[in-house]
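By letter and in written order, the chains are A, B, C and D; residue numbering begins at 1 in each of them.
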Amino acid sequence: MKEWQERIYQENQKDKARLLVSCPDQPGIVAAVSEFLFKQGANILASNQYSTDRHKGTFFMRIEFEAPDLHQKEALFKTGFTQVAERFEMKWDIIFAYKMKRMAIFVSKELHCLRELLWEWQSGDLMADIPLIISNHEDAREIVEPLQIPFYCLPITKETTKKVEEEQLRLLAEHSIDVIVLARYMRILSPEFVARQKNKIINIHHSFLPAFVGAKPYERAFDRGVKLIGATSHYVTDDLDEGPIIEQDIMRVNHQDDVRKLKKIGASIERSVLARAVKWHLEDRIIVHGNKTIVF
Amino acid sequence: MKEWQERIYQENQKDKARLLVSCPDQPGIVAAVSEFLFKQGANILASNQYSTDRHKGTFFMRIEFEAPDLHQKEALFKTGFTQVAERFEMKWDIIFAYKMKRMAIFVSKELHCLRELLWEWQSGDLMADIPLIISNHEDAREIVEPLQIPFYCLPITKETTKKVEEEQLRLLAEHSIDVIVLARYMRILSPEFVARQKNKIINIHHSFLPAFVGAKPYERAFDRGVKLIGATSHYVTDDLDEGPIIEQDIMRVNHQDDVRKLKKIGASIERSVLARAVKWHLEDRIIVHGNKTIVF
Amino acid sequence: MKEWQERIYQENQKDKARLLVSCPDQPGIVAAVSEFLFKQGANILASNQYSTDRHKGTFFMRIEFEAPDLHQKEALFKTGFTQVAERFEMKWDIIFAYKMKRMAIFVSKELHCLRELLWEWQSGDLMADIPLIISNHEDAREIVEPLQIPFYCLPITKETTKKVEEEQLRLLAEHSIDVIVLARYMRILSPEFVARQKNKIINIHHSFLPAFVGAKPYERAFDRGVKLIGATSHYVTDDLDEGPIIEQDIMRVNHQDDVRKLKKIGASIERSVLARAVKWHLEDRIIVHGNKTIVF
Amino acid sequence: MKEWQERIYQENQKDKARLLVSCPDQPGIVAAVSEFLFKQGANILASNQYSTDRHKGTFFMRIEFEAPDLHQKEALFKTGFTQVAERFEMKWDIIFAYKMKRMAIFVSKELHCLRELLWEWQSGDLMADIPLIISNHEDAREIVEPLQIPFYCLPITKETTKKVEEEQLRLLAEHSIDVIVLARYMRILSPEFVARQKNKIINIHHSFLPAFVGAKPYERAFDRGVKLIGATSHYVTDDLDEGPIIEQDIMRVNHQDDVRKLKKIGASIERSVLARAVKWHLEDRIIVHGNKTIVF
């Protein structure tokens, strides 16, 4: 994203915020929240809610709002809302839209997902800072560096995994990274690494989960003779390919499509599914609840 | 729908209602409405809102709520809400869910849409009373009468159009009909007829509107060599096939598909598109705004 | 299907046939087959071919053809083709289109798939004789008997499985059944039963296989939080839900959809997927190769 | 595409060709063609056929074949086939796969379609030479020149149209261009220009044709309140947006999507639809028949 785009974006967003709430369901929540916002002079731009169950369920809400000079009143809004939150035992967050999230991308040798993310980012459709891109191979360097994004090639072998992860964590900390996107990064992250980034690592798996968990999903899809192939974007947890699903999509294939063709068709599903998932995350549209996502 | 299904439905729905609102956008609307509902002891089950524009736009909202003994307090709720409504210059309605809408179906010789509606209705997925089905042909009688629904065959010629429409209107009035579904009814209704049923007549047009307005859309789709065919459900206005669109869908076709095949493929799109549109109408999910629909 | 429809169909189809071939790939197959047909005065209406691999692969072909007075020359065509077939070591069949396949439908309590099949059959879109419908419950009787199709209710318990299967096999033999459709038949057939009907039993599984093999797929899809649900039609083999896949499709769902809603959405996928698979089978479009299908 | 990719491609394709045929339908065509190929030692890799009508229709066929040392026998094959062709009054062509088509791309300010084409081309999925890219604006230069493709910026005003077209034609002739892709080129080409490139200009129109012919389709789709938007790739003829359709696709939109959002969603449909159409053209899969396409 060019600097002038960033300036326009921040100017445009500076008085907007997103409120995310989850709490035990009971009458009066919407009234209390919307009254609070009204009293602060805020105007609700969009609002979504969902309850897991009518009786004793969990209530979830996302509100986009704007208020005059909001960017100067962050602390005020946060302190003020604490009272409402306590009354309803809420887990909550107010995210101020002008603060762009800081996103790291991890990639290996397959570059189609990275390309799509960078393309969307250049068009101003993925609003994030990208302070660094990390790979275990050199392949991505030639498409990353022309965009003035720092590229770190950290090759890994079984023996060096732990050391390389420490270096990765150091880089993430150094750049205050908020979200990590695994854009076909073909290494499994250690439980320690994952634990430190809970619900902050977004992966793309090249199958329609829970079908074909693990390695070589296109080969296995070919062997099984499926008539549709898919891709799944999910948050990474310790259980391989078992994390909360954010988005999935599929395309039709037939008996003529060999593994090479499945990979080619699959690549176009992967890139659009991952781009949508990342976009929703950046816009704070996703609430993780247990092993599922609510996408508002 | 069997009587016992109806009883269960009404029991289940008797304390539920839907509030539809549209008004000039301004801060405080959600707060005022949700506070009103909270004070009446109502619990919000689902809520959706939309503004046409951030500045001086129109605001739309649909809230599903339940309240103890709601069915005994209809007048109270309506009177009470009038104050909120006046303050914000709202157009609004509160629809009590246990009152099933009374739906008439018009059909000609093609029965696939009628079949789908009756099937969904028998499965309890279209909650409506169907006091009568009207046709200009006898074909539908054999599938309608076994279901104990009165069937009126009113043949029409150019000369008798006016007289038959009068008879239709008399039947609609006599049965207190709320909504008319044209399930491939192949006659054009007069402006007078339409004017008396504004936003209450749902049609299925067998093309992807605005492509192929008017007669013989499949023949014209074939001649044009399109690669997708579609169907559109919309509210009927005086302008042929120009009313507010509720739902559309398409399927892929290719050079091998002749007109007969297009009609066959199209029939399956028509029936699912119409069924979805009717369902949304019965659940009060649709607000007509100018020549468009907001579907919550 | 009404008798007059059947007569028209048979009149229309009486000089048409389908040739199915599979053999080791080598040059000259198409030339030999098409020359044979040309010499018999046949005209090729449609032709499809596929090879698993360019070198030493398997070659598959389906040809639809017509020839004057074909219905009187069945033996001639079959004897004549034997020479071509031997030269290329073909597995092959010539199916004469006017001979309608004899189809039995098995169903339990969920009737949506049966309804769809009967509907397509009544519209003349599934060309088959249906000499009987078998169920382990009484539920389907009221929609089967009005169509003058014999309905057999054979309740099963664990203890009676073997005896009931014998009775089923007796009925299938008595009615010279060619193909069995399991339209949500919720019992597992014994290996003996399946072995006697190889590639002749078509099942609909209510998930996107290989995800959610076995029982309660909608419940498990809900628990996993998938964003798409699907259905799969396949030939039945001894391995539960592992047989060759014929057709699959999916629909989008979201966090708001509970299990009941998933089942409802799924039902509409199931019925269209099964209807397509059955249609392709009746039109001899499917060749089973190992554990996969080629669908021409 | 890198040189080494090209070398591999040509090595791989050097003995492959595609035969395209159209002629009045009659028995014996397939036999004659396949016998010819067999006698030349050719092996059929894929074959498709289609007839417009069973009686007195037009017959179309595409055969992919390979033969040892084919690239050295081009004249032989062409001369040899002439006899078969004359017997059946065929229009026909044999295209030798190793000869890559020479493709020019025209673009204006919107670059998403160009980007997609270049991306597919770099990945080796669009096998063509791209000797030049022409634009009436400078915007594309920065993504074209790094790929070592000559970029010509030829600005146009109403007054200079004729002169610029002459320059364009000169460039196309100089570079022996076989196919022109209008990747969101926002100028209407003159009838003279189009006449000289019959069925050789591929356009992407940003609507689901025949809906929204002409300018500003997204604005008009928004005004009409459609629930799906689409894109159409077609050959260019003199009638604006009326040429033979090659491919179409759509995506779902709703009342919340403003024109900006429709354009964004539409862009992703446009790029995939155009890329598919161009690919099919390069693989000689398309036969134009009247105002329609047969896509094999």
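Throughout what follows, a contact is a pair of C-beta atoms (placed from the backbone, for glycine too) under 8 Å apart; a residue touches a chain by one contact, two chains touch by 3 or more.
Per UniProt, the chains are A, B, C, D = Formyltetrahydrofolate deformylase.
Note that the structure is predicted; figures quoted are calculated from it, not measured.
The greatest centre-to-centre gap from chain B, using C-alpha centroids, is found for D.
If you lay the C-alpha trace of chain A over that of chain B, the rotation comes to 180 degrees, to the nearest 5. Residues touching across the chain B and chain D pair largely coincide in numbering: over half of the numbers involved belong to both copies. If you average the Cα atoms of chain B and of chain C, the two centres end up 37 Å apart. Computed from the mean C-alpha positions, the centre of chain B lies at a distance of 43 Å from the centre of chain D.
Across the assembly, chain D contributes residues 50 that each touch 2 or more other chains. Residues of chain C touching chain A in their complex: 50, 208-212, 224-228, 230, 244-250, 254-256, 291-295.
Within the complex formed with chain D, the chain A residues making contact are 112, 115, 119, 123, 125, 146, 264, 268, 272. Those residues of chain A that touch chain B in the shared complex are 26-31, 34-35, 37-38, 41-51, 54, 66.
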